[in-house]
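Following: one structure in structure tokens, then a few remarks.
The letters A, B, C and D name the chains in turn, as written, and every chain counts its residues from 1.
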Amino acid sequence: PKLLEEFQARIDRDEKIEPKDWMPMAYRKTLIRQIGQHAHSEVVGQLPEGNWITRAPTLERKAILLAKVQDEAGHGLYLYSAAETLGVSRDELVELLHEGKMKYSSIFNYPTLNWADIGAVGWLVDGAAIVNQVALQRTSYGPYSRAMIRICKEESFHARQGYHAIMQMAFGTPAQKAMAQDAVNRLWFPAIMMFGPSDSESVHSEQSMTWKIKVRSNDDLRQQFVDQTIPQIEYLGLDLPDPGIKWNEERGHYDYSDPDWSEFFNVIKGKGPCNVDRLNDRTNAWEDGAWVRDGLLAHGNKKAAARTAAE
Amino acid sequence: MADNALFQFLLRMGDNSLILGHRVSEWCGHSPVLEEDIALANTALDLIGQTQFWLGLAGEVEGKGRTADDLAFLRDAWDYRNVLLCELPNGDFGRTLMRQFLYDAWSSVMLGRLMTSSNERVAEIAAKASKEVAYHVERSGDTVVGLGDGTEESHARMQAALDHLWPYVGEMFDSDEVDAAMVKAGIAPDPASLREEYDALVSKVLSQATLTIPTDTFHHKGGRTGYMHTEHLGHLLCSMQWLQRAYPGATW
Amino acid sequence: MADNALFQFLLRMGDNSLILGHRVSEWCGHSPVLEEDIALANTALDLIGQTQFWLGLAGEVEGKGRTADDLAFLRDAWDYRNVLLCELPNGDFGRTLMRQFLYDAWSSVMLGRLMTSSNERVAEIAAKASKEVAYHVERSGDTVVGLGDGTEESHARMQAALDHLWPYVGEMFDSDEVDAAMVKAGIAPDPASLREEYDALVSKVLSQATLTIPTDTFHHKGGRTGYMHTEHLGHLLCSMQWLQRAYPGATW
Amino acid sequence: PKLLEEFQARIDRDEKIEPKDWMPMAYRKTLIRQIGQHAHSEVVGQLPEGNWITRAPTLERKAILLAKVQDEAGHGLYLYSAAETLGVSRDELVELLHEGKMKYSSIFNYPTLNWADIGAVGWLVDGAAIVNQVALQRTSYGPYSRAMIRICKEESFHARQGYHAIMQMAFGTPAQKAMAQDAVNRLWFPAIMMFGPSDSESVHSEQSMTWKIKVRSNDDLRQQFVDQTIPQIEYLGLDLPDPGIKWNEERGHYDYSDPDWSEFFNVIKGKGPCNVDRLNDRTNAWEDGAWVRDGLLAHGNKKAAARTAAE
């Protein structure tokens, strides 16, 4: 209890908790879950964008997309490393993912169906992620906070690129504009669901806020995202994807319709449009690659043994 | 003729990197370990970057106003000039890395020579690309060694990959009148003249990898002349060119 | 509206047979035994034939001069109206046959009703197609029984196929305003009204196959409205539409 | 020797040899090899055409191609059945194919690279096959002869359809005409190689002629094919694929260049452009399908056992 009080006091003073510091088991577990899910999201997040890499319409767009996906894999690495400071290995986390015991962001269970989706993913999905991640730069766990700072820089770049890509579509031919509209229509609600259920329904929120694992509430972050995104949609000349959207003078914010949370919970339960494909892709990649990991490990061991023998 | 030969030469360089880059990009999100996802995306990215230079210059030399994108996305299979090696399907990770190594080794030797090209633009592109390729060949070579000299299974798979791909290596050293024109103009070496340096590099790495180079000297051809690609290229183009074909004239 | 609803209804019928026929045709030369190569080619052929009728009529009803080929080869993914079941990748032979059976069963019930359509053309097409589909469902049903009640491995694979595909069955029985308009005009039944007959047929065969129908009633949707296809459809179209996209205006 | 004399006498009288008749071992073996290769050719022949089924440009072309490939699989069935009358099972023959111990027609080791190839395969490849098969209708082995009669009818239909398809291309847009020319250029020599090496170099010919397993010589058949095909190429308005082609008034035949037989023997040895892919496709199909064949067999046995038990 004394330790716990001290711990909370440090958090309240906005000191960072570092790997070697004492921390409550539940704090550690919550962080592992949250950072692990975040890492998995980066990895699984390669797939919907990868779906269009082979169809990117110009060499430059292909290069931009490759660079983005490469960054995401890199973010996965930072985050697994951050999780490892909490005493869980990357392989353990990956195994939990493959067994369905850990999640990744539900947004990646939606398909990318036209080229504008790639712009929309950068703009809306990375955009939503950034709103969340900017807040998490102030999270209490040092390695996580530092990973967020690093990741945010790259993500903002992605979001800008995504917006430029969809702008090209929205201001392009009628067919391109239709694709942009279709993308916004399909991805709007999934994007605003990325902040999680309403504060009133969110399971882990309160304790996480106290520990500053979460820094701002789901609804608060969602509102910020909505407020920053609506003017962008309008600038693109696209129809708003939700008839419930309108400026609320009194609140100084946009009102918007509540997404269909039953869909959200269905997706969480594995019934999204792409859950099966995404998890199959990942587990197949992992299983098909076992011989590669084993081979490289065996080679490393041989070399180490040879060095030892030579000494 | 000289300009057309240069155009053909540039297409060969650009199509190699375009098609191989495309193949590598197919791995996105599906490789054996996260570090490899990053490395493969990086390789693909470099290759697409090189494509932009080579095909961009090709379009200028041709002088018909075609951009690198026009050349990449609006030619059909028979107009491609990449060697067959670059268009072969990925197969397993071992085959992909073996193909990469066999190509990187050629590319590193070729680019080294092109750095002293009489054509300044060619020399510039080669100088830039050769830094990237030096890294690629080191990396793909290391992986080939690691997997060749790894477990019994990884060794067997890498030997199978080498056996499968070796008949496609020879095409990189074929010479024809295009090459003769390039040699004459001091723009590029005769590909045949790269073989010795290539064999030295490749033998060294493959021997560290405990792999045996097939002795049969037969090789497939038809890619760099466009006479006879494999059936695989047409399928690749269906995806790669889809948007440009379906929505002609749009800006992306 | 009535004509547009009929157009949509005809697209749904035609796109189902087009896309499933295309999937089945991917097996060409790769099935487990020669008799199956023949059977699958025959199934694909019938489905493409039905497509010509449905999409041909759709084009007439639309009245913009579009032919069946225009509709098949010049729409992009979101304009397709097939149920998701038809566009799912083939998987192994068991999954392909299970998908075929689950679709054939629906198709046989649907076509039976359409034979008494108030629209003569629809009734005619249904009469012709229903003979073919009667044969298809018998054949795919027999194969599902043979493999379900075969070896331990074949049973497990067929159960896995059923589990995988079952969440896509429900979409075939969804109803919307298009269906309401069809019912009102006496052209087609409410899909929901087919379910009982379908369940009876499917349960009988699957029980002979010693397979267990999943109890979860959740189903995927988005194909027949075009709102959200799977990622697989776009890739399929890249191949299917390649020539028409790359060489617009040519006659083949 | 008496049996052998009688056997030869029957053949000389143009009587058909039937499965239950006595026949020399070498006759049987030669027939198994020839019919087996022919059957394998029908099966492997599905692949180059199958390569374009998913890209057929119209619904009608797709239907025609599907019907053709279906016919070919059917021909495979007749021919395996004909071979089975000689005491070898289909599975044995398939195994020999997969082990590389039996061949199929080398033509199928060439790729189909543009849509006109599909027309050209029907016109040139089936055309060449028919020239050979028409002759074989008079072959001495009854079941083989009858299979040839049946197959020839369908093949002529395919050849006509192929010619119509390439005609459409040759008389189409400049791009289509270029595809047609490219197809003829690439497939001409492989097609005329289908008749096998020159009579002077052909290993099995003499005995096969005596036994009427072969009925006309390779060069004879090849000349017939060349003579019937040149006017067709000219009618299409395409350039002749061989500068050596010209009418020889004296012979009353077209002269033509000898194909590159070293290429032919390379392809036979497995070094054609597609040998590896074709054989992989077939062996993978066979191996991946093992569980299906086993499953259906097991089910058949259960049903048979149930019937027996019920009796």
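The rule we apply is simple: a residue touches a chain if its C-beta (ideal position, glycine included) is under 8 Å from a C-beta of that chain, and two chains touch if they have at least 3 such contacts.
All values reported here derive from a predicted model rather than from experimental measurement.
**Student:** From subunit A, what is the lowest number of touch steps before subunit C is reached?
**Tutor:** The fewest steps needed to get from subunit A to subunit C is 1.
**Student:** Using mean CA coordinates as chain centres, what's the gap between subunit B and subunit D in Å?
**Tutor:** Roughly 36 Å separates the two chain centres.
**Student:** CA centre of subunit A versus CA centre of subunit D: separation in Å?
**Tutor:** Inter-chain centre distance comes to 57 Å.
**Student:** Give the residues of subunit B that touch two or more other chains, as numbers and ranges in rising order.
**Tutor:** Within subunit B, residues 76, 238-239, 242 contact more than one other chain.
**Student:** For subunit A, which residues are shared contacts with two or more other chains?
**Tutor:** 55, 175
**Student:** Considering only which chains touch which, label the overall pattern as line, ring, star, complete or other.
**Tutor:** other
**Student:** Please list, in label order, each pair of chains that touches.
**Tutor:** Result of the pairwise touch check is A-B, A-C, B-C, B-D, C-D.
**Student:** Which of the residues in subunit B come into contact with subunit C in the complex?
**Tutor:** Interface residues on subunit B, with respect to subunit C: 76, 235, 237-239, 241-242, 245-246, 248.
**Student:** For the complex, give me every residue of subunit B touching subunit D.
**Tutor:** Where subunit B meets subunit D, its residues are 76-78, 164, 167, 218, 220, 222, 227-231, 234, 238.
**Student:** Which residues, counting only subunit D, touch subunit B once they are in their complex?
**Tutor:** Counting only subunit D, the residues touching subunit B are 48, 51, 55, 111-114, 182, 186, 266, 271, 273-274, 276-277.
**Student:** Contact residues on subunit A for subunit B in the complex?
**Tutor:** 43-44, 46-47, 49-50, 53-63, 66-67, 69-70, 73-74, 76-77, 80, 90, 115, 165, 168-169, 172-173, 175-176, 281, 284-286, 288-300, 302
**Student:** Under the touch definition given earlier, write down the residues of subunit B that touch subunit A in their complex.
**Tutor:** For subunit B paired with subunit A, touching residues are 18, 22, 25-26, 28-38, 41-42, 44-45, 48-49, 51-52, 55, 68-69, 72-73, 92-94, 143, 145-147, 149-151, 153-155, 157, 239-240, 242-244, 247, 249-252.
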